[in-house]
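Each chain gets a letter, A, B, C and D, in the order it is written, and its residues are counted from 1.
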Amino acid sequence: MPRVKVNGVDIYYKFNGDGEKILVILNGIMMSSESWGGLVPSYVRAGYKVLNVDFRDQGKSESSKDAYTITQHVEDLRGLLQHLKIEKINLLGISYGGQVSMLFALKYPHMLESLILANTMARLTNYLKSIGEAWDEAAKLKDGEKFFRLAMPLIYSDTFYEKNLQWLKDREELFSSILTPEWFERYLRLSSSHGDYDIVDKLSNIQVPTLLISSDKDLITPYRELFMIHERIRDSKLVVIPEAGHASCYEKMEEFILVVLGFLALSTNE
Amino acid sequence: MPRVKVNGVDIYYKFNGDGEKILVILNGIMMSSESWGGLVPSYVRAGYKVLNVDFRDQGKSESSKDAYTITQHVEDLRGLLQHLKIEKINLLGISYGGQVSMLFALKYPHMLESLILANTMARLTNYLKSIGEAWDEAAKLKDGEKFFRLAMPLIYSDTFYEKNLQWLKDREELFSSILTPEWFERYLRLSSSHGDYDIVDKLSNIQVPTLLISSDKDLITPYRELFMIHERIRDSKLVVIPEAGHASCYEKMEEFILVVLGFLALSTNE
Amino acid sequence: MPRVKVNGVDIYYKFNGDGEKILVILNGIMMSSESWGGLVPSYVRAGYKVLNVDFRDQGKSESSKDAYTITQHVEDLRGLLQHLKIEKINLLGISYGGQVSMLFALKYPHMLESLILANTMARLTNYLKSIGEAWDEAAKLKDGEKFFRLAMPLIYSDTFYEKNLQWLKDREELFSSILTPEWFERYLRLSSSHGDYDIVDKLSNIQVPTLLISSDKDLITPYRELFMIHERIRDSKLVVIPEAGHASCYEKMEEFILVVLGFLALSTNE
Amino acid sequence: MPRVKVNGVDIYYKFNGDGEKILVILNGIMMSSESWGGLVPSYVRAGYKVLNVDFRDQGKSESSKDAYTITQHVEDLRGLLQHLKIEKINLLGISYGGQVSMLFALKYPHMLESLILANTMARLTNYLKSIGEAWDEAAKLKDGEKFFRLAMPLIYSDTFYEKNLQWLKDREELFSSILTPEWFERYLRLSSSHGDYDIVDKLSNIQVPTLLISSDKDLITPYRELFMIHERIRDSKLVVIPEAGHASCYEKMEEFILVVLGFLALSTNE
């Protein structure tokens, strides 16, 4: 299992493909490198070397001994890339991973070829904070099944519930078996890393070609928040995946793959 | 405290005003007669005698010894009205109370002058059931503060969270002091009363003048569901309260009062 | 025919009802006093004395000899009210009439008890100007049937077209017989009166109780514009009539009547 | 100028690029091969041989002597492809061109590798017919400037008007110089070719991989119509370009290019 000690913590990473160009993928807060199994092959076939990373306290990365803020992941990623002697990346981040991606773009702009931000936000509204508090309460129960039941209705769209109930039930079972007490402790540390996150005023400093992916039924990071980012990052394109909630990469996996491939093709193409 | 034994259970009711026409108000599942304090005076001033009722297992009504389905409330209301010698009512129901109101309209149409349905549904979608399950999990914790935190983000709109955070914090504290273990037991019985509720195909039998109130950010009973009811009840009018979630009567109290007053005026007027 | 010379032009007006409170109605640019036949009786029955007015160059009012800006109508209304010895009014304006109503509210606030603004705007966007230019081109053809065909798809919603095609066809015929060459000349003068209309920054000076009526499929004065007004007039309420375009008072007449009645009841009520 | 006589009419076509895979592009009713100048290079760079075609009565194709229905273009395209000895194509059609593309997919499914449908419809609603009638009236004036003013507000979004007024003004001038009386006669024949176009019930027979592109402010072929197609073509993906009207390929050219490239990459990829 490839892990490397960065800033005192073992960070897990995994390569797929052997293209020249590199696509780094950063996870949403409840996800891990394994969550991307359905999407990575498409990016590999399109000629990319895909680098999945688990944040500290996530997936197969080590737990953090200390408290940290979200910017810690920026330094962890930077350290990992230095170790791997990678100087230039395309960076895709979803939700929490999108927040980290924007912070990385602001701190290390010269390392980016392009930026892909899906279902993410540049600030914490009261509403987002209240959702965070709800999930923290749910996590404190340290019960995967209950956590799933309490958190999912905000994540998946009603459309998805109508058409894929069995998939969701299976996933509930999966959560129930996978989410250990330790998982919840790690989750709660990740969740508390947001601090007073608000980078709206800094977004105009991001000058790398950027793709923004929104979905029309995303309650957590609604279209309005993605549009706000779009208006501030000059070289950004905004595309909407319809009939999908916050989990667009699961709910509409092919559409998600498609818009990312299109953006990468366009970037290469020009 | 005015209570009357109906179908074996003491049902609480309260009159306000002394108009000739009667407006009966049925609560949402987490509400009680007291929830309407801000709205009742307006309807009284408009000349109505307002009758608030708490369902069995709700507010000041007695707990139910036995399990029951939602249709039980129809018979309880009917029994109460017989006891009070009331033959004709205008019936306003919100959410769960709206479900009961439609069932009442189907069973006792001759007792209705008009029907007002706010933020309600004629069927349980998978998504609604999953929200119900989430709230059941939350209720089982029997902790008002946690229940509030877990359930509210689906009920109040993000707009309301941005503008009224303090009100919500105060309310969280209120819930925390008011919601006793017994409250949660009663809630869970009410919640389990839905059964296979689906009256879509029967709606066309409702022929009384009907007002439908929807709000644009209602995640629980979205516009689509209200529109579905509107298309099936011939003599229905549909109005939307914008920038509001499921709790439209709290989030936009004056707009809520206004459309109800307008509908009542129109009915009387013609 | 009751007309009175105001500012050099005979202004037509008509009373209905004999209530104490007065409701003045100002027309959209293509409308006249006669357009309100279906709505006035409801307001009369609710106890209002309704005063319909035709702007100069509109309906049965005289044509203007000179060019004028939209503020002229404010002075014309003020002059008419002085003549009629009316000191206090409730003012309902739709679209162009809504623009005049806001200007009136800014100039003569002491004469207002309440303000009702339907499907209107506080500024001219490029898009609105381009629609104005399209209609001007259409008007220059001086052919009622062609004018109707060219202008209506922007005014009525697609929903209305699906459900009320015959009504629209009948109306096309009516336009074709009623719209004389003189009507188009008058229309073009009204249309050119907008100037650089933009009162967004002054809206916060309006302090009278205000109702804003929007409809969800209004292409000409979309929800966004009504919401902008709502945010700036402190004591304003905003209600949406769904499945309707710019012509909400025709497309959903009963809902339109209802929300106005509700607002008037609420104002009186408090 | 490459033209070939097909079904009695000279059809203009133009190749760009020399990839193995072929992308045929079919125009909207007011467009021509030249309209795609900004998009074709991207598809060429992505390895496609792009074949632009002008329908009879469009661009550099010959005028039709006889009346015809929209299915005529299907046979014209088929004839052209036979002449060019092309057996398999990827077919991209926008609006009217999208209608032809779906008809082609139903008639000659074996010739398609994939189908891309942008801002199009599978039926004519009353509203669409009324827009068609409005444009016919405008076309009968045979004046490019007037036609532009009368037709464009339905085609471009209000967003686009706010941000690109000068571009629109330049385009108005262009139309005014280019649109000859003959252009309008040809337009009117194209416009009258729709007949009773309604292929909703046949859509489920389309089994080729399909991309549907919608835009959120398209008044002519609104999202609802694209979604209706999406629900009936099993192997279809639906993506929305936000803040754009019917002319999505002009209003948001890069986003349009991107989603098409992504779909082509995905198709090749799998």
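The rule is simple: a residue touches a chain if its C-beta (ideal position, glycine included) is under 8 Å from a C-beta of that chain, and two chains touch if they have at least 3 such contacts.
Owing to the predicted nature of the structure, the values given are computational and were not obtained by experimental measurement.
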| item | value |
| --- | --- |
| Per Cα centroids, the chain farthest from subunit A | C |
| Mean-CA-position distance for subunit D and subunit A (Å) | 37 |
| Chain centre separation (subunit B, subunit D; CA means) in Å | 50 |
| Subunit A-subunit C separation of Cα centroids, rounded to whole Å | 50 |
| Subunit A, residues touching no fewer than two other chains | none |
| Pairwise chain contacts under the document criterion | A-B, A-D, B-C, C-D |
| Partner subunit D, residues of subunit A touching it in the complex | 42, 45-46, 211, 214, 216, 223, 227, 237-243, 252, 254-255, 257-263, 265-266, 269-270 |
| Subunit A residues touching subunit B - in the complex, by the definition given at the top | 125-127, 130-131, 133-134, 137-138, 141, 146, 149-150, 152-154, 158, 161-162, 165, 168, 219, 222 |
